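Here is the structure we will look at.
Note that the chains are named A, B, C and D in the order they appear, and that numbering of residues resets to 1 at the start of each chain.
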Amino acid sequence: MKKLINKPEDFVRESLEGMALAHSDLIKVNFSPTFVYRADAPVKGKVAVVSGGGSGHEPMHGGFVGKGMLDAACPGEVFTSPTPDQMFEAAKTVNSGAGVLFIVKNYTGDVMNFEMAAELAHAEGIPVQNILIDDDVAVKDSLYTAGRRGTGTTVLAEKICGAAAEAGYDLKQVADLCRRVNLNGRSMGMALTSCIVPAKGTPTFELGEDEMEIGIGIHGEPGRERMKIKSADEITEMLALAIIEDEAYTRTVREWDMEKGEWVEVELTDEPLKPGDQVIAMVNSMGGTPISELYVVYRKLHEICEKKGLKIVRNLIGAYITSLEMQGVSITLLRVDDEMLRFWDAPVHTPALRWGM
Amino acid sequence: MKKLINKPEDFVRESLEGMALAHSDLIKVNFSPTFVYRADAPVKGKVAVVSGGGSGHEPMHGGFVGKGMLDAACPGEVFTSPTPDQMFEAAKTVNSGAGVLFIVKNYTGDVMNFEMAAELAHAEGIPVQNILIDDDVAVKDSLYTAGRRGTGTTVLAEKICGAAAEAGYDLKQVADLCRRVNLNGRSMGMALTSCIVPAKGTPTFELGEDEMEIGIGIHGEPGRERMKIKSADEITEMLALAIIEDEAYTRTVREWDMEKGEWVEVELTDEPLKPGDQVIAMVNSMGGTPISELYVVYRKLHEICEKKGLKIVRNLIGAYITSLEMQGVSITLLRVDDEMLRFWDAPVHTPALRWGM
Amino acid sequence: MTVTTIPKDQIVRWLRRTAQVLEENRDYLTQLDAAIGDADHGINMDRGFKRVLSQLPTVEDKDIGSVLKTTGMALLASVGGAGGPLYGTFFMRAGMAVGGKQELTAQDLVTLLQGAVDGVIQRGKAQPGDKTMVDALLPALEALREAVEAGDDIRTALEKAVAAAEKGMKDTIPMLAKKGRASYLGERSIGHQDPGATSSYLILKALLDTINETA
Amino acid sequence: MTVTTIPKDQIVRWLRRTAQVLEENRDYLTQLDAAIGDADHGINMDRGFKRVLSQLPTVEDKDIGSVLKTTGMALLASVGGAGGPLYGTFFMRAGMAVGGKQELTAQDLVTLLQGAVDGVIQRGKAQPGDKTMVDALLPALEALREAVEAGDDIRTALEKAVAAAEKGMKDTIPMLAKKGRASYLGERSIGHQDPGATSSYLILKALLDTINETA
């Protein structure tokens, strides 16, 4: 197993310890239970934005804790959703009284654990909202699956909602904005190589020397289709068209009704992208793909968007939501309006994303 | 070959085209000859800082072109030094009259090509200085080799000298500062896997499943020693101690005498690190190693520096000077004084490095 | 020998045996999860039951309900993923179902498993046939109930329950997953045994083996 | 048949043949460079001579000096790495050494190679034995000069020069590199043939083959 780690069981902790040492001006890390939080938390009067998920997707989420983005992040074991006690303790630590938004990627484990955490927070008197991110167009239907997975849009939602919270939005407003970001964001990814979960020590899946996997998840789950490797342009076209030509998607999600103190089912439908839309385009490395290749992908994506009448008004190119050392790429297109764009542009200072300060 | 590319011979161009599209607010790219330059070049009254080298080390150097860092970068083919015409055209484009500093990594090819470029620039009446970066402690002697290679310190030198130029330093001052940064910076790297040069299509070297290469260069050149993979802590210790315990190193370099218009040989000696020194610590991915592992390395590096009485006053952790998709890490320690630190902290806005604006 | 009650120390021994069995099957379960999931189920369950082991000493002298609830809490706070809330709920609800007892009758065992399986279904919303742990648990519960109603002793009833769990586990192989991570695979999930159904079978079998050992 | 002069069109044919030979040996040279360098020498030289091919038509009707200098400039602007400035200098200095001639005598050929090799040594500062292209070029130059001084015709003299280059190339195998990228390997550079010495041999051999073809 070719990794810079010590014992696999120490990997997540040691990585977080390193991050805490490197960014002590921005973040602190709590252990047992484990969570990363803003060094200046709780920030008076501000809604706290909290996310979390399995480790192995770094810099997400811990690398996005700081000014203008997340107040806390709860890292689980590698590719394993964190546990409710982590989320609950994080919420207690960063809640300033204005409440907590949990941004939850739609995976069975994450959903269930964050639901239990919301119940705990509510019982403690903390106003809480859970908003799901389910943007992965590789998953086609929601009736016969656990629904679309949460992938790249998560990064953009964390940035935009973090800025809105910083700007004084209340909990309902931040939650509404987050839901709206999710309904406007779509992603799809692919892998050239499998990653290796440290505790397992061998590749999660085997790909032939000339094979790739399309529609991969961020946990090294097999994707929708395995095929011979194609050129960067062809791959970009497959991913981009799957996103751009995706139909309206309807799903039923559970959200927390703060008044009633119970879960309510909400039906949500998004609107396909259409000519004239303004988008933020993210070209994301799965971890092992260097930025030079991401630019090759961006070049083609730009061309396709132009042809389709989509205007890329901002871009984010790099390794933001990864699968350990997996080689591959994911593309996210987020249709934005002025409000989202304003919060995108707002200053941010976290270990992994920084501008304007 | 598992890469997101089209034809190997188009890789460098297409990657640069993608970068230009993504960062049109910051940079422009010229082709035939190829160079990346600041969108607002030439910047009136400012010394122009120019670097270059083989491609495959992205984001270096093109990703460091922008406000507060490089004025231009000349990318060669993958792992192949660029040619004098690229450097000369870049110099003509960004020279505002205050002259051009060429920051040159010490590889035979880079040195010879930049020397020819300096001669061309001089002939054209452009004041020019070439400063070598040779910081790789894996290379022991300078008498029987081409001398120490230029590695991680290059990134730090480009940031610091870029800020000094932005602050109004004249050519001699920027060159002197660059030389001083080089004499205070030391690096060492290692590889867990080989990279694949696109045009070649197969790994540059073969490493067994349980092997690693210590003291690797950034071109996939074999390193000093091949051994069984060790733990992250042991690897960090090997690299850090090689840097910290390195003796004074003396080399003769050629610098350009602007008055005489000829090359002069200069003997330079650096001073070993000693307790009490303040350092900037860079933990750099060779391209395929994810940031989670870099933090594991940083954790141990921090501990070692503390034990050795070195104070890490700033850090930079990520993929900055890479070897395509190679997995591995390099460590750079740069002893800083107040002047260097001030320029390090100064605002910078480039595709790959950004803070304060 | 007929077994009419399960005393608390056998419940504790069951949990310890489960920890051992899951350690032994760590790679096997993980391998199953690699095929249709994310290659962590065995790792997660092993980590979770190690935590259970570390907490058992603090409740060993309490009642069966406390032992099981503590087990559930330990799993909830250490397993993570889908398995954590599901098995956490399984054991917490099992504990709540039998309350402060020091030993369980055959009927108590039915009540326990009923509470546990109800909890899993409420939490995860899986239907039979969705290719989840429910496909091992529900047949086991039915078999146990029928056997106890028919007058079988605990050991015989459990033997039937475990056989049903094993069959349920194997029956997941041809199923197309509709819940959890495997559901993303669609048709490609067919032909693989569900890791969660497998761990459920192992956990139930560990109870039978514990009883056989002492009986 | 004795060959007493090399007309310009043979020089042009030499350069075309060199382009072809380097294309054929692209992988071989790259493989040699992979062992002790950075796996690009063949790729670089192939790219460089493709550029030469594209520029030859613009100078074909000029003198030999112009043809060679254009070749050097094309290499300088397209090869990069260490090979670029070295072979760029090689051909530029070769061109400068023979100036405006339309054909070369044996003595001209010595002058040409002398200028070329001097240029490489001045630019790269390599000593014989440093395991570089100089180890093929210098013996070739010596052999050529001696043969011409002894009265050999061009073909015989070139045969000796190419043989010396080949021996020099092979002699780099046991050498420890002291210049260029291979020098970082120290002892580990021993046992590998230098890629630059190999390309130098191939370039000289291409000249001999061109002459043999027409003679």
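One rule holds for everything that comes next: contacts are C-beta pairs under 8 Å (C-beta built on N, C-alpha and C of every residue); 3 or more make two chains touch, one makes a residue touch a chain.
Keep in mind it's a predicted model, so treat the numbers as computed, not measured.
Chemist: What is the minimum number of touch steps required to go from chain A to chain D?
Modeler: The least step count works out to 2.
Chemist: Which chains are in contact with both chain A and chain C?
Modeler: Common neighbours, chain A/chain C: none found.
Chemist: If I average the CA coordinates per chain, which chain comes out farthest from chain A?
Modeler: D
Chemist: Approximately how many whole Å separate the CA-defined centres of chain B and chain C?
Modeler: 56
Chemist: Whole-Å distance, chain C centre to chain D centre, using C-alpha means?
Modeler: 76
Chemist: Please report how many Å separate the Cα centroid of chain A from that of chain B, as a whole number.
Modeler: So the centre of chain A lies 32 Å away from the centre of chain B.
Chemist: Which chain B residues touch at least two other chains?
Modeler: Not one residue of chain B touches more than one other chain, so the list is empty.
Chemist: What are the residue numbers in chain C that touch two or more other chains?
Modeler: Counting only residues that touch two or more other chains, chain C contributes none.
Chemist: Viewed as a graph of touching chains, is the assembly arranged as a line, ring, star, complete set, or other?
Modeler: Contact map by chain: line.
Chemist: For each chain, which other chains does it touch, given as pairs?
Modeler: A-B, A-C, B-D
Chemist: Chain A touches which residues of chain B in the complex?
Modeler: For chain B paired with chain A, touching residues are 2-7, 11, 14-19, 21-22, 55-56, 58-59, 63, 192-193, 209, 212, 229, 231-233, 235, 287-299, 302, 315, 317, 319, 322, 324-325, 327-329, 352, 354-357.
Chemist: Residues of chain D touching chain B in their complex?
Modeler: 30, 34, 36-40, 43-44, 47, 76-86, 123-124, 176, 178-181, 183-186, 188
Chemist: Applying the document's contact rule, which stretches of chain A touch chain C when the two form their complex?
Modeler: Contacts found on chain A: 33, 54, 76-85, 107-109, 112-113, 116, 138-140, 144-146, 149, 197, 199-200, 204-205, 217, 219-222, 224.
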